[in-house]
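Written below as structure tokens is the structure these notes are about.
Order as written gives the chain letters A, B, C, D and E; numbering starts at 1 within each chain.
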């Protein structure tokens, strides 16, 4: 019997072959790797090899003061860094019981939505890159820069802003910034229709994305697929609505839903949410209250957080990003666990979903699922 | 179901467990180590579909590891942290990968960083770290700075580049 | 002289049976010597057109049945090339069969086959043709399934089809005999022409019988399934004989009998309704050829067994040749004959190189091979030149005949036939490259680390074949000038050709220039290559692995070789269409044949005597039937 | 200790002429080793348009001239980066982004991130900033181009000459057999 | 003999230089679609010189031989194509069927070379390229057949001569459907989007080129340049009346190339079996319709 088994193993060796999809593969977003076992052109087995971006954040935050960590954590999720500061700040506020001024809440909302739009633009470009429609990547990355310029004006940095702090935001909005933001939003609105023509109404894109790795509702819930991807399966759940944070409870917005759950639905869902984010920013600009932007907080160097633990999750473009923070009452966090938005999709669900797909679908599947390696490597 | 009803149900079935409410959308349940699979399957049954994360906390003073299973329900919009504590010297607990497939990867992660054994989960190949020979890095008694200095060196200006 | 040489060859064959097993190679050297002398003999017959010999078999009443042989340009060309090729194959076999004791009777039968082969080509009348045809079928049956049990199933289908075809032909022959009272070919063609002029339905019946006989032998469309089974199951060196030579008999028969008939009718017809439709009928046969080549191409793309792939390729090439022949223009017939010769050469080369691979590796599933080019360069080059010729790429011989086929199709205004031929030709490139990659390129599995090139004696035929492919590619006139005399003997217009240049109505090709241009370009590329900075060789596994260290993941060379399901998505492209013409149909067909034939199979498989018994019984029955009809 | 320094192995003669073409056609490897890679798409695409300098992303290390270490390197990445670097064909250059490859930067105390890249492979140029802005990146590229033209960017030769030294350093990090921190009794 | 050799070298260098120039201009052109500037128009020349000045690796002699054979195949094909008023041979040699088959040797050489590198990515690329080839050859051959029938000759030179009566005599105007089919086939031959599945960087890491380094990649580059020149040249000769002036000929080629580049700018890539299906549907139908119209 064992001889037969070894023979079958040998046979397997000849029938199948391995492809290394990443880390330095052009289709791979970031430094991550799938080792794919292929037979013919069809994937038979997929084995993720993560950890290439591991920096040990969970350990590092334990070694720094509560306030110092603000400069560290944006680096957990690179395409959409602001979300990290927001989660961290909200968690600290919840543990300390601090009320954040309303203006700061609105500014946070705008920042988060801008980051979200930036991430969506990144995602559109990713779809373009994965399918060979490089024009889309060129356009979206250039348009993303308008947002980055605004960030730079507001915070002084292009990518890692460290703008949202426990108790509010770092500083108030400079003069003329909101007007410029409105202009940019209008511009992006106009560009969105261009993207429709280039990407979403492009028959070949539709052909490529249709029936690409359809996700069922049960799978989505069970495998922890979140954010736009779960809404693409038809589950109308949005953390911004269900467990509101920042100023989302004061701003009226619709949660779009798709039903098919396949690649096309996921892509279209992100396009719709892009629209929603633009609307939210517009409304936030209109409703922007006056007032201070920071609650009174203790001296950052001596700042202690009461004993307790909290789990805070926020909606991001690639799913629910969440921290579980434990404080033992000292000046440093006792433990912080990071739930990356695409941990389950990229490491677990991929092993199930990609089997039976073709080689050319891997990059596209990753683009539509928004697999973001830094947030599960931590 | 309201949060109150869920808590009542849990109390009914698991009288030993302690429940702590954080706010109207989040509460935690502290259960016994041996109960953990039962309580999690019970939670799954009453509508907590998503296992958001499994994490561990190293309470080194108590000589305990606290395991936190973070569940979420799309039907009740409730976040629940199911916690349990295990001995730090012999960290071993039943795997829940039969309930949620994602647990496999989370447990592998926790195993790698805390050295906790999960019986029933066989695939414990190192996922993140490369050629790790020291004690699991997330344990409180592991000194990251010292390790870094030891192996990667510190920056000296005198060295020629 | 012909008869004596046959007897001499048969005697040697019989004598060789007494040579002891240990000295197997002596037997093969003997065969090679006989084949060499036969080749030489045939070569000396060049130009002796009309030389004939006769040998009386028996008289029935006033009718004499005799064996008649005659040398014509057509028969000479075919017999010379086929005998020469069998000589080169037998050289290959000397070493190959040195140790294989179970297959000791192959050589014996093979020599008989070679005799039959020459006899078929030299036969001057239909009866002689039929007798040797049938003998060839029986003998080849013994060779294909050595040891009587192994691969019996595979050969079953071939055998039944061949017998059916041969009997169909026999029916045709006897019908004609009943009208013309002679077996002579020219008289019978004239007789059939008369029948057509009389609008006799018998004419169509007889023609169809002949078509059936020839098409089954040459594996054209409805009967295209058998080579894949038989050629792949035969002994490796014999596969090249089967594929290079034996499959051509049907086309030879067509050129010998059908084409002159059709040409005769379309030339001299008195516009009777039936003979009017002959061009259409011939056109349909050409379409059958084209469809055969396309279907065979798609089936070849799917196959994973290298010998099976080559067998399908043979069917595809037969399809081209048939298409070309049945458009009845002199260019087409010349192109068809030229392609048959070329195919014989390059397919022998391909099969011999595959046999060499199998000799060293004992594998035939392509995905279990790979990287052998680095170990067996001569074999690789033979295969490479073979596939270049087979895909019709200049400057080797294949392109010359393909060019002629296209020219004939285009000047005859057959656009869709030409497109189909082109489709299968591109497809041929596809599957042949797949074989090249899977067997010779890519990663070398570690179990073949100490594989060596085949012995020099086995390389000799490969060198000969390579040389032939190049020479015919540069000087197509070497074959085309004899072909011209064939056309002349068939009363067809000659094509314009010199040793180096081929002309058609549409254009001309100067083959040496084509070769020189390629050589010049290669020299140009080589100079550029020398200008660039030097390169160094690295190991096969020092390869792009997206940055992952292969050692860390235990990557073996086997696991980095893509060979199975090479065109998987393309293969699945036709899945949703009902598969009326593909394998399923044939599987069921084969099953039915097996069911109905199980009774007959019992006789065949029990002893050779019963087979002969059934054979004679059938002939008697057919003769009685013929008498009754008469 | 390094055996040779840059000055000893400068390019001369014919190489200097070829260097003119090399600097005008720097192909970088499409490999995002760290978070600095997030600024590469803007640099490559319409706004900053790296292609003006003849630079472009390339799919595999065989085709590329330039390896960008975009920020911190975890040990696991380091192994891949070295493997990739050795697969690249000479002449080849390495640019390190940000402060992390110089001294560990913000991750100076991380157990997973190396502190100083120059110990393990030759770095031809470091670009400051965390993360470097596209302007800084392009500035760095032009500086590298100048260095190439002068024949001073010869890190690959340095690696070849001091191969054993680099290998020893790499082995120290990558192929440990025992624990680094001794258990205290 | 010397004369022929000089003419040979002229054709070879013209094709390479013009091909590289077209590539450079194409890159600038598509840059405008993508809203940026891209490098200078002579960028491709710099790239090639740089590639030849780099060290390289190969895995075995077949790889060395294959890339040379691939490049030689394309150059050899160009020798048979009339370049404007220029022909390498004074006799008529531009046989379109020879040209189509000669192109194959280029593909075979390249395919063999990269397959010998032993990288599955390269082999997948080859499998895709060959499948695609089966797709685009069919409509292309149909248009070739049409023109052979129309000109009663399979010589490109004759086709060019028959179109010399001015703009309205061009085959593109006479046989618009066939021209359209040929354009689509050209898109496939050049391997531009949507038919670039064979190199697809994000799927198989640039496919056949995956293991090519230094001068090997340089050969690939040159081959692509020559291929651009060759394939646009064939279409210009077949449909756009060739030219008796080098510059007009090159301008026509460039216009064709820029058209394909523009199309490639707005399409993602097809899966290759979808591409084959597409080729066998629309362009084949167009070409067949034109052929049937012609025959009737």
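Heads up, the rule we're going with is that a residue touches a chain if its C-beta (ideal position, glycine included) is under 8 Å from a C-beta of that chain, and two chains touch if they have at least 3 such contacts.
Note that the coordinates shown come from a computational prediction; the quantities given were computed from them, not determined experimentally.
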Query: When subunit D is left out of the picture, which chains can still reach each other by chains of touches?
result: one piece
Query: Can you name the chains that touch subunit B as well as subunit E?
result: A, D
Intersection of contact partners for subunit D and subunit E: A, C
Task: Please name the chain that ends up farthest from subunit A once chain centres are defined by their CA atoms averaged.
output: C
- prompt: Taking contacts as defined above, which has more of them, A-C or B-D?
  reply: B-D
Field: Central subunit by CA centre of mass proxy
entry: E
Query: What is the chain whose Cα centroid lies farthest from the Cα centroid of subunit B?
result: C
Message: From the mean C-alpha coordinate of subunit B to that of subunit C, what's the distance rounded to whole Å?
response: 71
Field: Whole-Å gap separating subunit A and subunit D, where each centre is the average of the chain's CA atoms
entry: 29
Field: Distance between the centres, which are taken as Cα means, of subunit E and subunit C, whole angstrom
entry: 35
Message: Can you work out the whole-Å distance between the CA centroids of subunit C and subunit D?
response: 60
- prompt: Using the touch rule from the top of the page, what residues of subunit D touch 2 or more other chains?
  reply: 30-31, 45-47, 59-62, 74, 76, 79-80, 84, 109-113
Message: Where in subunit B do residues touch at least two different other chains?
response: 128-130, 137, 142, 144-145
Field: Shared-contact residues (touching 2 or more other chains) in subunit E
entry: 34-36, 53-57, 120-121, 124, 127, 201, 205-206, 210-211, 214, 271
Query: Considering every pair of chains, which are in touch?
result: A-B, A-C, A-D, A-E, B-D, C-D, C-E, D-E
Statement: In the complex, the residues of subunit B that touch subunit A are 22-23, 25-26, 28, 49-53, 55, 57-58, 68, 70, 74, 77, 79, 81, 100-102, 104-105, 113, 127-130, 137-138, 140, 142, 144-145
Task: Spell out the residues on subunit E that touch subunit D in their complex, using ranges where they run on.
output: 27, 31, 34-40, 43, 46-47, 49-50, 53-57, 201, 205-206, 209-214, 217
Query: Okay, in this complex, where on subunit C does subunit D touch?
result: 542, 544, 547-549, 552
Footprint of subunit C on subunit A - complex, ascending: 13-18, 20-25, 28, 33, 35, 38-42, 49, 358
- request: Flag every residue of subunit C that touches subunit A in the complex, lowest number first.
  value: 365, 367-368, 445, 545-548, 553, 555-556, 558-566, 568-569
